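Next come the structures, one after another.
Two complexes follow with chain A in common, the first pairing it with chain B and the second with chain C.
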Partner chain A sequence: MSAAPKASFRSDGWWPWLFVVPTLLGVLVFYIWPLFQTGYMSFTETGPFGGDTWVGGANYATLIGDENVGLALVNTVVYTAIVLLGVPLAILLASMVNRPGLRFATFYRVLFFMPYIAMPTAVALVWRMIYNGDFGILNWFLALFGITGPYWTSTPGFAIVAVGIVGMWASLGFGIIILSAGLKNIPPDFYEAAQLDGATRWTQFRSITVPLLTPSIFFVTIISVINGFQLFDLLYAIMGQRNPAMQQSQSLVYIFYNQAFINNNKGYAAAIAMLILLVIGIVTWFQFRMQKKWVNYV
Partner chain B sequence: MMTRKNSRIALGIGAALSAALVLSACSSGGGDAAVSSDTKASISYAVWDENQVPALKQNIADFNKEYPNIEVKIDVTPWSQYWTKLQTQASSDTLPDVFWMNGPKFQLYAANGQLEPLTPLIDDKKLDPANYPEALNNLYSYDGTQYGVPKDFDTLGLWYNKSILEKAGVEIPTDAWTWEQIHAASKKISDALGSQGIYGMATSLTGGQEGYYNTILQAGGEIISKDGKKSGYDSPEAIKGLQFWTDLIADGSMPTLQQLSDTTPNVWFTSGKSGFFYSGTWSVSELSEAANTKDLNVAPLPKDDRQATVIHGLANVISAKSKNKGAAQAFVTYLGSKEAQVTQAEMGAANPAFNDTQSAFIDSVPHFDLQVFLDAEQYSYPYPVSKNTAAWEQLEKDLLPAAFSGEKPAEEVAKNLATKMNEALAKE
Partner chain C sequence: MSSVRTSNTGLSPAQRGTNNARAHIVLGLIGFLMVFPFVWQLIMSLSTNDQVMSVPPTFWPGELQWQNYATVFTKVPFLSQLGVSIAITVLRVLGQVILCCMAGYAFARMRFPLKGVILAIILSILMVPGQVYLIPQFQIVQNLGLLNTVWGIVIPGIFSAFGVFLMRQFFMGLPTELEEAARLDGANPFQVFWKVMLPLAAPGISALVIITTLWSWNDLLWPLVVTTYAESMPLSAGLATLQGSVSTDYTVMMAASIMAMAPVLILFIVLQRRVIEGLAFSGTK
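Up next is the complex of A and B:
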């Protein structure tokens, strides 16, 4: 990417901007401006129907002392970590699906991609049935081996892991598509050369596929982390607000939602939103710093 | 993925609030001009239940016989988005002219000047609160002023499965049943039929309305003081009302909280896996369509210190910022009339609030003793609310599971809840 010649758009004048204006306007009005608004709100106490009073850093002081926030941060990190476990799996599956001469390749690709485009509520509904402690298929299956399965989605500790597994399953398709595109960019001569030198399939995978795939892996990782930190809908739909384990399984966005729309504490909710932004910002920045160590751009 | 959409909505609140500043400058309070059959207006009516729309359309058609030039547009928003949308509309002064209100949210809107008082209609004798259950008039009054016209009402009953009771050798419950009897009967069913996965009792403990609000009231306690300023959870009666459920779970008369979360109580009951089920008027249509409906019936809730049930119902309210207040008032008056409420009952939309119009509702399912729900009004207590009900409802959801599961003593949990609830109430 860096090899591209320096663009000389300065000499093009103002008119290229004209083409960007419609999108830029949308971004400014619907993303950037609300971002500043939220930032402002986080320093106020905002009533349920608007009308705010400046309270300085009071919301942030509450934030630091709020044990739920710490708990939610841990839960969110656990969830994100589980979703990230899906990345190696996606690499493996992508290289299998893209094996030359594989029959029904398109079928497999569609199959893996389906969960990603399915509505999270529908996904949640199906998994609720699978996870059901008394009548679920998962515990029925475990019982065949004499194992008594837990109440997956209503046991504190287990629940966030159960939701994480669904999250990983649902985002596998996205990873496979991006990585498949990456695989197509690897010149076939590399494999031919390796074969001549007597490299096994596994060596080829480890020494050619994975290193040359690192830019795609990096991209998938960044997106997975950002999505992971925004966990809300799956958690809400699989567990529901009325789950006895919910209190122990809250995510950051979940407590944001609760404060904003249930407790009518919008100023504090805005402060939580700023915390989420900050955490995602730091993690993403760190990932970009680290990429020099492991991402190979050809 | 939808996660991103949610954060967009979140950021959107900021935008909505800023829009509120602009809009509040242009809107002006509507006049109370007298309405007549010539009045031309268009008003919006926001509701959340799609099932009730046919009955509401009939109400509008009948309303238009008197006011042919007032157009009423129904705006249905599903429950899950209804309040979020309403709140955003309120922030930008674009509330619908007339909309459905419930008890927990009412004071929030009334206290913040979003609702139009019914005082002029009551003074002009167009509306008479005496036509509706008193508990509902109180529920929709704030600082002595009534804002909502009761539309329908819900009370609770003890649903039972005759066939399970028979198999376990348990008698059919009567209106004289006490806590001891219901507990003993539940235990007997669990003991006799537990091997088939059948429990004595299945009741939702995730909100108070189905279960613990009733038992707290029956034990002689209260959830919140009458003036809505103090929690009632630290009283011995309230603790006893919670302990009732802990005891049922502890000896296996009722599935655990986890079991009830994975499979909801209504499913346990309609699948023939529980003998008893505390639930309200709203379960009638589901239970009348259940596969085992002929086995099911309902009796009054068992009593302890006294007979008690929570009563709740919806109300129609008018936006304080409505530009067609006259038309909105005429419409709300009509919706509160005997004729409109009888239509609602006949079309099976709801159990009407207007006194002595409920016979259509009672007859709607002949094999259920639905009279139980009407009689319950006599010993009913209003659904507990305050200005920001949602804040302490959240505390109940967070803290009470530990008491029901027996993880912590009910007394410790109740006292902790009372302290936190009082803190939340102090902030209102």
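Up next is the complex of A and C:
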């Protein structure tokens, strides 16, 4: 093969631009430009009739002193932590449902991934009924054991936990799917060798499955945290905007939405958006730093 | 999967049986908790309001109240919301498949100046949470006069850095021989892409279609921001903003929410193998 025809064969001319420019333009207009726009906006104040005035760091100063934002940060962290409790459960379930020759495996898989693919606002409505303090089935069930359940979605403190449980329920299937894919990459010889040594299933799970699954576990954790910090749909749809406990149960994105589109306080909302960016950035950076300590790449 | 099967030969059938029995108990119990809200939703949608509010709960309504489903159409603009949901999902999927395949292919196989920089710019938007773009995106859509329209809901979501990355990874994994043969036969880059590579990319495209369908059908925040009239909302926003008499009409609400999620839920259960593969593929690339 001579060099000359290969070179002419590889000259793609203007074709690549035809392929790339539509996406590049869209990304610049709808993402990159808005990114800088929001950054700028966070230093301005929106007047009652529109129009922005430069206010320097005033929005950020307000942000730091805003109790609601602090509370929203705590709520968001609590929600994310509850969702993360689902990760160990997902590991266990994934390893069980992928057992060789297990019967009904497909059936179980469908049950697990249904909550993940179902529309959050639609399942929120049924959870609202389940959580209902007067006639909800959850409190009826608790009463069987002599426990008087609270008004789950209208009691501050309980509400974010209630939403967190739904979040965990809804994202468990995602974890199981990703972890199942990871399980298929574990060489079967590892298990054979362990069995020859007389290792029990629990020992195999602890010393083969979990360590070799750590890259997938890491991925599921990262995604769960990023999604958890962006809690909005479930909170909005389970609690409803006129819920008396909403004030104490807001998430960061909920406050952002309210400030930007209900109170029309876009400058302040932009500062909250930058805070969300910062928090997710720090948490993700920290997780990537910590991964050396526990993630094994084969 | 089948190779893993050999790993269990060391266990006696009895041992395997007892261990799997424990697995069935755990999987069955959690599986029940996973599916219970759907079952309960279905039961409530076929009950009367009094039965729904009864203590202890009415586990079986006796006479099934199918008319609850008919009532949905008189109380909320369900059909127009369904139309909006279908339109935004189809348009967004089509747009993403076309744009992401083209860009993904170019980044995987073509040579052009600034390729690395452009790819980095596009992928950089993945690292920023969506709220950061939201206000300016709203203002752009407002200035274009597209509030309360299908296009207003669809437009920003047609451009997907995730989709570009997914398709790039997929095209990079395909063999180069076919492509080179087609080019030597005189096909231009577009013909190579359209006739040779695109058909080979079907599994990658199906993953992209599945994920985009889910995101588009279920998304709440963006549609809530760009629509104000019930008629121009998709089902997700329509359900979340149900107000007035409907919000205490529990049975109708349950019927509406079942109908809203049923199309994608049923479709994905039927295609479950492909959906699980698609989600796993996108998560491991």
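Of note:
Just so we're on the same page, the second predicted complex is superposed on the first by the 267 of 298 C-alpha atoms of A that agree within 3 Å, B and C clash if a C-alpha of one lies under 4 Å from a C-alpha of the other, contacts with A are read in each partner's own complex, and residues count from 1 in each chain.
Assume a contact is a pair of C-beta atoms (placed from the backbone, for glycine too) under 8 Å apart; a residue touches a chain by one contact, two chains touch by 3 or more.
Only a predicted model underlies this, so the values are computations on that prediction, with no experimental measurement involved.
Three-chain overlay on chain A, with chain B and chain C in a clash. Look at A:D233: by the touch rule set out above, it reaches both chain B and chain C. Using the contact criterion defined above for the overlaid structures, shared-chain residue A:F205 touches neither chain B nor chain C, since it reaches no partner.
Applying the stated contact rule after C-alpha superposition, one finds that A:W33 touches each of chain B and chain C.
In the superposed pair of complexes, A:G47 makes contact with chain B only, with no contact to chain C. Ranking chain B and chain C by residues of chain A touched puts C first.
Legend: residue contacts after superposition of the two complexes on their common chain; A:F135 is shown touching both chain B and chain C.
In the superposed pair of complexes, A:A122 makes contact with chain C only, with no contact to chain B. When the shared chain is aligned, chain C comes close enough to touch A:Y191, but chain B does not.
When both complexes are overlaid on chain A, the residue A:S154 reaches chain B alone and has no touch with chain C. Judged by the touch definition given at the top, the superposed model places A:W169 against chain C, while chain B stays out of reach.
The superposed model places chain C right into chain B at 4-12; the other stretches listed in 4-12, 220-228, 364-372 or 400-408 stay free of clashes. Shared contact residues on chain A (touching chain B in one structure, chain C in the other): 29-31, 33-35, 37-38, 41, 119-120, 134-135, 230, 232-233, 240, 253, 256-257, 260-261, 266, 269-270, 273, 276.
Of all residues in chain C, only 1, 3-8, 10-11, 16, 19-20, 23-24, 26-28, 30-35, 37-38, 40-41, 44, 52-57, 99-100, 102-103, 105-107, 110-112, 115, 118, 121-122, 124-125, 127-140, 155-156, 158-159, 161, 164, 180, 183-184, 188-190, 193, 214, 217-218, 220-221, 224-225, 235-237, 239-240, 247, 250, 253-254, 257-258, 260-261, 264-265, 268-269, 272-273, 275-276, 279-281, 283-284 touch chain A in the complex they form. Residue ranges of chain B in contact with chain A, taken from their complex: 1-4, 6-8, 10-15, 17-18, 20-21, 83-84, 87, 90-91, 108, 112, 114, 197, 204, 206-207, 257-259, 261-263, 388, 390-391, 393-394, 397-398, 401, 404-405. Across the complex, chain C is touched by residues 9-10, 12-13, 15-20, 22-24, 26-35, 37-38, 41, 89, 92-93, 96-104, 106-115, 117-127, 129-130, 134-135, 137, 140, 169, 172-174, 177-178, 180-182, 184, 188, 191-192, 195-196, 201, 216, 219, 223, 226, 229-230, 232-233, 236-237, 240, 253, 256-257, 260-261, 266, 269-270, 272-274, 276-277, 280-281 of chain A.
The touching residues of chain A, when paired with chain B in their complex, are 29-31, 33-35, 37-38, 40-41, 46-50, 52, 116, 119-120, 128, 131-136, 151, 153-155, 170-171, 227, 230-234, 240-247, 253, 256-258, 260-266, 269-270, 273, 276.
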